[in-house]
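Note that subunit A is present in both complexes that follow, paired respectively with subunit B and with subunit C.
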Partner chain A sequence: MKSKADYVIIGGGISGCSIAYNLALQGAENIIVIEKSYITSGATGRCGAGVRQQWGTKMNCLLAKKSVEFFEKAQEILDYDGDIEFKQEGYLIIASDDQEAQQFKKNVALQNSLGIPSKVLTKEEALEIVPYLNPEQVHSATFCHTDGHLNPFTMTDAYYKAAKRLGVEFYLYTEVLDILTDGHKVTGVLTDKGEVKTANVINAAGGWAKEIGELAGVEIPVYSRNHEILVTEPVEKMQGPMVISFSHNIYCQQTPHGAFIMGRGDKDEPKSHTMRSTWQFLDKMSKTVCTLLPKIGELRVIRQWGGLYNMSPDHQPIIGGTKDLRGFYMACGFSGHGFMLAPMTGLLLSELILGKTPSMPMENLSLERFEGKDMEEVETSVV
Partner chain B sequence: MRIDKHPILDFSSRKKIRFTFEGKEQYGFEGDTIASALHALGVKHLSDSIHKKRPRGFYCAIGNCASCNMIVDGIPNVRTCITPLKEGVDVRMQEGKGRF
Partner chain C sequence: MDPKNIIICRCSDVTLEDLLTLFKEGYTTFEELKRIKRVGMGPCQANTCGKMVQWEIAKYFNRPLEVVQFHNMRPFTMGVKLKSIKEQADEE
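Take a look at the complex of A and B:
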């Protein structure tokens, strides 16, 4: 292992790989990524593989929109020999009642003002897009045709390979044990494979971001909790968009491979690092999908798994440094949507680290935004 | 091919069960699965591989491998190796991953 590096990124998920690639692309050198398991072993490889721009806060909308613009060209930009499977067939967000419909109207107005081509649909229009929706469960809907599906494994692999070509070194199966500081600034990272001297540490540890912060003495107001997903047998194409409902607490899409992936959040899920699968999830998930999309009930479940949502107080990411410890940066608290925001995570954080003017204002992404005042905006469009 | 005589095991005669395969009338016996009835009739090609469309036949025989997925009474992806043969069922080969 190298004994010195200019930048040490902790975490080999899509955020860490994107940050590494963006730093290297802008000319930074001596970059290493430390991953305690394998690439995409954490939340990235366990996510629902969706990409959406229909958010309820300006910051999430902008991050998502600019990320989609990157994904549209990612295959060429990253010169990737695999297939990132970016399928833009939209997200259909179901409103169950008047109250939800009113909120969605406001969301769409915000999204449109930022250039996101979402629109409000009637119940009939929604049923045209997904004919087997249970009409009794649909009040109205919103739809954005440029949202869609992206393969978490190949997309991360594309960043990983592009970063490697630019000289980034990856140390897999290497665990961070401590972050060394002199009290004011970062001086190094201690791993189970040795010590690396560095002035810059980037915390992209996903579900373990809070614990990495603790190693550096930086308190990050995030926590992790298990979020479960299941996948069905593959069948011929029958559903274009991701169908999502906040009141039913479900998202469900058909991947290009033909399998349906679906997940739901559980409000009672405790804070923890468990990633177990439960029969309770299988039971509730099956009932939920059969209520909203009865036809999917005919398919067999192939397997289920869990992964960590890293939740921030306002359900928006924390991307930036901290005034308490020079050289310590973080990209965490994505609250279940770090995968789809990764292009902007990498771009903005690398610009900030290299002292450039960020491509968009980052105040509302800072760790300091939670200090001593009420949060300005809270994202509620989360499953 | 079916074994009629065996030095140790006894194969008593069983009730004939009528079904159709690809629209043609066929017979199996009580206790057969759909796939075992087809196998005994010499039907070795039950499905096609997903990508290269190569023939796939009776393989795991325990409902895990999907080689014997067929359309039974209009329902795709039926694991015929673990589905008991019933009087009058309509069995057809399916194209691709199953159309629901």
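Take a look at the complex of A and C:
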């Protein structure tokens, strides 16, 4: 292992790979990424693979919109030899009652004001897009045709390979044991394969971001909890968009490969690092999907698993440094949507680290935004 | 036989040539191969190809078969209709 590096990124998920790529692209050198397992072994490889711009806060909308603009050209920009399997057939968000419909109208107005082409649909219009939706469960809906799906493994692989071509070194199956500091600045990282001297550490550890913060003596107000998901056998194409319902607690999409991926959250799930799958999830999921999308009930489940949401207090990411420890940066607390925001995560954090003017204001992404004041906006559009 | 004509994973249509290409690119474990090429992720859940993948890793990297980690097996063992799970759950 190298004994010195200019930048050490902790975490080989999509955020870490995107940060590495963006730093190298802007001319930074001597960058290493430390991953305790393999690339995408954590939250990235366990996620629902959706990409949406229909959010309820300005910050999430902007990050998502600019990220989608990148995804549209990612295959070419990253010169990837595989297939990122980007599909833009929209997200159909179902409103179950009038109250939800009113909130969605406000969300669409916000999204439209930021240039996101979402719109409110009647029940009939929603049923035209997904004809086997149970009409009794649909009040109305919103739809954004440029939302969609991406393969988390190949998308991350595209960043990984591009970063390697730019000289970034990846140390897989290597675990961070400690972050070394001298007063108020970072001096190195201790791993199970040796020590690396560095003045800059970037915490992109996903589900373990809080613990990496603790190693550096930085308190990050995030926590992790398990989120379960399943996949069916692949079948002929039958559904274009991702279907989401917050009140039914489900997201469900057919991937270009043909399999359906669906997941739900559980508000009673305790804070933990357990990534498990349960029969309780299966029972609830099968009931929900058979109620909302009865035809999908005919499909066979072939696999289920769990992964970690890293939750922040306002369900928006924390991207930036900290005044308490020079050279310590973080990209965490994505609250279940770090995959789809990764292009902006990498761009903004690399600009900040290199002392450039960030492509958009980052105050509302800072760690300090939680200090001693009420949160300005809380994202509620989370499954 | 030409590696490109040898099917390793029937569910996801992965050939021996695909695996050899990934080995050359630096992907060394079953978990990595799964994620890039979907080998072992189809309806049979690696029940057909699992041992072959493990064997090919052992051969290519010249490791004893018993030290090559098998893939992380997840439920289910075989496909079950969502409708059947719901019906069972409704009864309980």
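Rule of thumb we're sticking to: the second predicted complex is superposed on the first by the 383 of 383 C-alpha atoms of A that agree within 3 Å, B and C clash if a C-alpha of one lies under 4 Å from a C-alpha of the other, contacts with A are read in each partner's own complex, and residues count from 1 in each chain.
What we mean here is this: a contact is a pair of C-beta atoms (placed from the backbone, for glycine too) under 8 Å apart; a residue touches a chain by one contact, two chains touch by 3 or more.
Being a predicted model, the structure only gives us computed values, none of them experimental.
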Which superposed partner A:G258 touches (first subunit B, second subunit C, both, neither): first
Subunit B versus subunit C as contact partner of A:E236, first or second or both or neither: first
Partner chain in contact with A:W305 - subunit B first, subunit C second, else both or neither: second
First (subunit B), second (subunit C), both or neither touched by A:I39: second
Comparison of subunit B and subunit C by subunit A residues contacted: C
Contacts of A:F70 with subunit B and subunit C, given as first, second, both or neither: neither
Partner chain in contact with A:F370 - subunit B first, subunit C second, else both or neither: neither
Shared subunit A contacts, counted only where both subunit B and subunit C touch the same residue: 233-234, 298-300
Subunit B contact footprint on subunit A (complex, rising order): 233-236, 238, 258, 295, 298-300
For the subunit C and subunit A complex, residues of the former touching the latter: 29, 31-32, 35-36, 38, 41-43, 45, 74-76, 79-83, 85-86, 89-90
Touch list for subunit A against partner subunit C, complex: 37-41, 45, 82, 153-154, 157, 232-234, 257, 277, 282-283, 285-287, 289-290, 296-305
Residues of subunit B touching subunit A in the complex: 50, 66, 75-77, 96-100
